[in-house]
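Taking it in order: structure first as structure tokens, then the write-up.
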Amino acid sequence: MSTFALGTIIALILGSAAVALCLRRLIRSVLLFVISWAGIAAFYLWAGAEFLAFAQVLVYIGAVSMVTLFAVLLTRRHDQPDLVIEPPARSRAAAGVTIGACVAAVLIPAILATEFPAASATAPTFSVRQLGLDLMEQHGVVLLVVGLILTVALLGAVVLAASKEDAS
Amino acid sequence: MIMPDAARPETPAPSPVPAPGPSDAERDELRRHGILLTSIHELANWGRSHSVWPLQFGLACCAIEMIAASMARFDIARFGSEVFRPSPRQADLLIVSGTVTKKMAPQVIRLWNQMPEPKYCIAMGACAISGGPFKQGYNVLKGIDRFIPVDVYIPGCPPRPEALLHGLMELQDQIRAGRTAASRPTVKAAQASGDYPVPDFGPEDLEPPANPAIWQPPALVRPDKP
Amino acid sequence: MSPAVWFGEVGASLLAMDWTPAIASKLAPTVFPTGQTESAFAERLPLLLRDAVTGSLPEPWRWLANSLIAIVAIIVIFASLFALLTLAERKILGRVQNRPGPNRTGWGGILQPLADGIKMLTKEDIVPAAADRLLHFLAPVVLLALSIVTFAVIPYGRHLVPVELDAAVLYFFAAGAATELAIFMAGWASRNKYSLLAAMRALAQLISYELPLLLAFVPVVMLAGSLATTGIVAAQGGWLGGVLPHWHVLTPPGFAGFVIFMIAALAESNRSPFDLPEAESELIAGHLTEYSGFKYALFFMAEYLGMCALSGMAVTLFLGGWHAPLAALEFIPSYVWFAVKLLALLLGFIWIRATFPRLRIDQLTRLAWKFLVPLALINLLTGGFWVLTTHWTGGMLVVRWAIALVLVVGPFLALGRQFQARYAPRTYRYA
Amino acid sequence: MTMLHVCLLFSGLLFCIGLAGALARSHAILVLLGIELMLNAANLNFIAFWRYGPPHASGSGPIFVLFAIAIAAAEAAVGLALVIAIYRHRQSVRLQEEARLKG
Amino acid sequence: MTTAFTPTPSGAHVRAVHDPFHGDLLEISMGPHHPSTHGVFRMMVTLDGENVVKLKPVFGYLHRNHEKLGENTSYLGSMPYTDRLDYFCSMTNNWAYALAVEKLAGQPVPERAEYLRVILAELTRLLNHTCLAGFLLQDTGASGTPLMYAFREREKILDLFEALSGSRMMCNYQRFGGCRIDATPAWLAAVRGIVDGYGAFLDEYEELITGNEILLARTQNVGVLSPALAVSAGITGPMLRAAGVDYDLRKVDGYGLYPRFDFRVPLGAHGDTYDRYMVRMLEMRESIGILRQALAAIPDGPIMDPKAKIRGFRPKPGEAYGRIEGPKGEIGFYLISDGTPNPYRYRVRPPSLINLTVLEDLCLGHTLADAVIILGSIDIVLGEVDR
Amino acid sequence: METPEQIQARLAARFPAAAVTLVPNPAPAGMAALLVDAAHARQIAFFLREDPELKLDYCSNATGIDWPEKEIVETTRSTLADPAGGPPRTIEQKTKRIQPGYLEVVYHLYSMARKHGPVILRVRTGNRTDQVTLPSLTPVWRSCEFQEREIYDLFGITFEGHPDLRRLLMWDEFTGHPMRKDYVEPDDYEWEPTPHEEVLEKAKRHYAAPEKEGTP
Amino acid sequence: MLGTGLLKGLAVTAKNFVGSFHDPKRYTTVEYPEQPTKLPENYRNFPFLVFDGEQPIDGLRCVACKICEAECPPQCIYIIPDRDEKGRPTKKPKVFDLDVSVCMSCQICVEVCPFDAIKMDQHFEIATADRFNGLLLHREDLAKSDAYYHSIHPTEAAQVDEILAEAKRKAEAKAKPAAPAAPAAVKPPEPPAPAV
């Protein structure tokens, strides 16, 4: 049952991600990415990290996908009304796929060859309260830094997006 | 960006009328035997008749009386019809309220074509029926029924809001009885595809000035002027 | 087994049951702890009904059947609430506007939603030729599905929580955040420029209001010390002297959070005065422009269900959930209290719709970023202060309230003054 | 093959898909999304190790993922803002044309 | 005979404009069927995001050949057609036409008829401005409530019109040299009742909406019209006065009996949408004052000049231009007589059309939503714009 | 305000080359109009707008008028002295002449600044067919913009210098000028239940009357 | 304070909501088919022909003078005078058609009628699905009795009766001196004062 669910999730994620990167319709690509992100959230849920799953949905589906769609609409060209983009140059596509395949060829045997220590018998527990305490106590500094980065990134994004190019 | 104009449904519109139910005679016969027959067909017609959503569409003076009919004094909401939808896709009823000029006629027909079946049309006021007081004008269409089938004609210039409500009740009766204009045999035969032809702007007049498939006036004879 | 036989057996088993509390407790000992008041029977009635149906099933199937029953019950109850709500909205709008509203379909218009539903179901479904057929179809389905899943974590009564989650509130907003995606899909797939503008507006609106919505409930989470809806409701139990409930809305940060939350909820559910994506006078029907028939009805339903879900969450977070307002009124079952509060909020939605004009898109985003977000951030501070000072008593209690009130009202007044410096009623001269 | 292997293989594949996509496509937004995918693949690893890894690793995994999600969101925001800014400037989001970063 | 089937809801024609400096511009066609255009009016709007960078009005969807019909029918026969010009203000249209014909023929009007005309014109002003306020609020997205309240009051005035002239909207009441039907004392008492209650309605309405922060934010500094442009573009009526130009034909021309009445002309200082709305609200209060004075002073007497002709009316050759301050602005009739029963030239000076001259100027730089309420605040009626 | 005669005198002094004539108005309203030639119309309009005395800053109404060709029968009476010494003979001579048709634009000008008016300005075209160009006064008064477009549409007068001269009311494909007196309306009266003469003619053209008596 | 305008507005709508249950001023709906519409006496919809006596067609006041046909602005009246066997006019309409699908209810036919034969009806519930037969009214549909006229426009009808009686008296007085004059010589009376 559980394995079957995992298989479905993996198939969903890999399938939608792979198809999304091949499609010519940009909007559909983005929406497929959304499915893929939702699948990843499902994976977190399956693994028992429910807080992470919701955070993933909130951040990726709620925010990143919106911003992406916005960017897609704002960078729409008049000659691509349906947001159908030209396929990549054959050489480039081939190069990309080859490199991807090479990395996979390295990674997969490496993973298969590695012996990992045995997993703990019971699944690790994970409560929101525990997470909060961990964040605040052990990783307080990191949290602050991340907050800072986020703020700077937000401001930077606003500045970038709001800057009007002068006509020259 | 270019967005294609055409948004025609790819499949022809389904026939607005479900398969006819039992005839009145049969029904009476069944009633005599104690069988109360409420077919799906009748239930659907009951629902449609009580939920006639008009298109939020006004042409001229009559539109104001149409708005007045939806206001507190007359309250078309009592009939379940206050939901004036701005998009033809969600509307059931086209109230042609006012003068249809030749410049406007193609748009009215397009709106009618965009409405999903089953749909109804009320010609409100003299202008919509026949061109009315403006019928002598060079830019006035002499009646919207030259291009689209009309269920109820409400004369008046403009008709009182009550007259509109009366026309709406008339329409509800027609819907319940399943005999609206779009279901009339002649109109149906003329419009097998579901789309009503939209005339072109010509150098002098609309081309064509009427749709002969649905517009067949009786011949006119005058005894004193042979 | 043929359905008739099955129904017959279930009916017989129902009839054979002795419906007294004592025996009921025997039937379901796990869910009936001892020491409950008389109202406990009414309180547990929904569970008893459920167990009466599923009690005889073997354990793994019972779980599945219980879930199914919960799902069906939520869908049925909220679908009928949706139907009634459309009628109530039309009637209340009518009354506000000095007219009766629908009253000729059925008795006093009660069958109006039925007639509308029948009509919608039998209407032709038009898909524009240029439309993206798949997305055009998926949009209402996704929207409705997402608005239904949000109902899973709301505690409807003392024992009525469909799914208990540790991070239930986060789940709720995660599911809610995705709804605008469906609106975008609808707007994009229609290939209509009004729909497209509506899609853009919907995105901008979501991005702007997600933040205040999330920030607004953080003080509540701090006060309750829990992200689970049950925990938050439990934290609001009890009364001060039997009359003053411990609802979050009655604390300064809770109140400010409630107001911000409701404003953001209006925006999230695309209700007036934030109904920009389907602004009638500007964008025809916005993202719905090209939808007809049943798909349109699905949208309509999803919008109302979203409104119900957000109201339900507001009740849970701020208005004490299913807790009675007075200790003396506790004998009324908890789900009734929940329903009353939910309906009150929904009436508020309708009332606001009947009164206000619509904002403009830039004002909408400005309201979110320059007004609600700062207020919500300051409210976070207030919430922290309120949590840290729970032990203050006596004279310090007055100080606590004073400081919190200043923290709540002060920024509001300051920001309000900024607004009033730009927009104010004018005096006129005469020639 | 343990569950951990499965998860790691899965995340490795996802990473490779993201990598191939990011390299193969020329549309800036798609490239950005490919990179997001690679980040997500990395996150999957954290969770896999947290769930099936040695017991002492537990606890930090989800927190790292949380930070990664936050950083990814920031990256997406800045990246897309850059895309928009570049588009404004050049009327194109094709990356080949943006090869030289001079104004 | 079939033509291309182009069903976007407005029958819109969509074209892409590409401007290298602004990115892609979206050209949309609002109308001729659009909820905000107050009838069959079309605006070709070019949008940059939500901002209007170009706006071209398209007219003629209600061009009913009013002037041609006027030249083909008798002087009297045109009177009912004037009702249908601006179908909110049939009484003032009647008056403007009657005034032009009276100027052409040198026809005097009895005093009681002049009083009745003033009463009816001011009632029309109340009616028109009330409806405008309702429609403007409808355009800003209030779900019908202000419009319903406005129409509640409109019905009261329409009842008066109906009781006097027999028709709610198409009164066809004025005649050359007087009025058609005399007002009974009961009717005048009914008018008094409505007028006395109108102030309370205005108070309630203003409480409902005028102080509303959303309305303030939506209308203030939106669509600012400068006085210089207003004068040059021939803007008249409340729109002109909202721009701060003091020009009210009731004071300037002093037609009818207006010099006898004591009233003030409210002026705006900013010329924005809010001023246009408020000037109308204030004008209504002045109208109530005029009505009170007129109702107190109306004399007995004939309502028709006994020498006036109804049938076979043929003015001597010549021409005349009669204009009055209609609720929407200066409504004028220009008539040329060649001695026949039909006018040789019959021209309507439509305030709505000319007020629309500045529509694009007002909308540029604002958003689509602003364009909608700017159009609403100009107060057009398509029957008059297109005639 | 100055009378039309005074204005005419001042215009004549200011623009000696321009032909400014008075067109009397026999109606009781009695406002005479200033007929100016097309070549100087815009200069004169600017002058009227800027002149501190007149300050006609507001053009209320602009309209076209169609004056088709008219056949005028003139009777000339000449008295011939009878060479025979008898009483002088009166000879009546009837001459027919065609008064050429023209199109005319009338502007009603007022002053908002000084609150007076109207001054009526008329401009005429050379004929009704090919010399139908007049200077646009939109640069002087913005309010003429739509009105001149309307005149262009309905009367067929071309305004030179108009910023956006397109048809205003009729559709772009339309060819006629309906407000001209000789415009023939399209034949679309196919059926009228209460027909009057020409309508009946048209109806009959569309539907051959059947043989039976009586109303439909 | 920010928001007071909004709250005031909410108060007004709440007042109206509550008022609609007890205050007739705040509940203005007249439920049309059930509650009768109170039409004012002057209300006009479409013209009808008044007949005196019992016979609808014979008693018509209309003499087929065609003035209304000529004056009707939208040209919706069509009259053919009746002639007897010898071809002399009988001063009755043979055909009196009125196309209510064109009529603009302007009442000019009533104003110009010298015989008070055509008056305005108040019946407005004439919506029909049949344009060609339902909206063209013939003299049989148009003829309505004087009593009906009195019932819908009592004041106006009384004035009309006076005027008619006066005209009759004058005609009789005139007819006495010129006793055997042909009936054609009787001039129609001057149009009555339009103010009624």
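As written, the chain order gives the labels A, B, C, D, E, F and G, with residue 1 at the start of each chain.
Note that in this section a contact is a pair of C-beta atoms (placed from the backbone, for glycine too) under 8 Å apart; a residue touches a chain by one contact, two chains touch by 3 or more.
No experiment lies behind these values; they were computed from the predicted model shown.
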Chain hops separating subunit F from subunit C, counting only touching neighbours: 2
Which of E-G and B-E has more C-beta contact pairs: B-E
Rounded Å distance between subunit A and subunit G, as computed from the means of their C-alpha atoms: 78
Distance from subunit G to subunit D - Cα centre to Cα centre, in angstrom: 82
Centroid distance [mean C-alpha coordinates] between subunit E and subunit A, Å: 59
Separation of subunit F from subunit G, taking each centre as the mean of its C-alpha atoms, in whole Å: 40
Multi-chain contact sites of subunit F, meaning residues that touch two or more partners: 169-171, 178, 192-193, 195, 215-216
Of all residues in subunit B, the ones touching two or more other chains: 1-3, 6-8, 56, 71-73, 75, 78, 86-87, 89, 103, 114, 130, 133-136, 138-139, 157, 160, 217-218, 222-223
Where subunit C touches two or more other chains at once, by residue number: 96-100, 128, 192-193, 196, 200, 280, 284, 289, 354-356, 419
Subunit E partner contacts - residues on subunit G that touch it in the complex: 2-6, 8-9, 11-13, 16, 28, 40-44, 67, 71, 73, 104-108, 111-112, 120, 191, 193-196
Contact set on subunit B toward subunit E in their complex: 1-3, 5-8, 56-61, 63-65, 67-68, 71-73, 86-89, 98-99, 101, 103-104, 106-107, 110-111, 113-114, 127, 133-134, 136-140, 157-158, 160, 195, 197-200, 207-208, 211
Contacting residues of subunit C [partner subunit E, same complex]: 93, 96-99, 128, 192-194, 197, 200, 272-273, 275-276, 279-284, 289, 353-363, 419, 422-426, 428-431
Subunit A partner contacts - residues on subunit C that touch it in the complex: 132, 135, 165-167, 170-171, 173-175, 177-178, 180-181, 184-185, 188, 196, 199-200, 203-204, 206-207, 210, 214, 225-228
Subunit F contact footprint on subunit E (complex, rising order): 59-60, 63, 65, 67-68, 103-106, 229, 231-236, 245, 247, 252, 315-321, 323, 330, 332, 334, 336-337, 345, 347, 349, 353-354, 356-358, 386
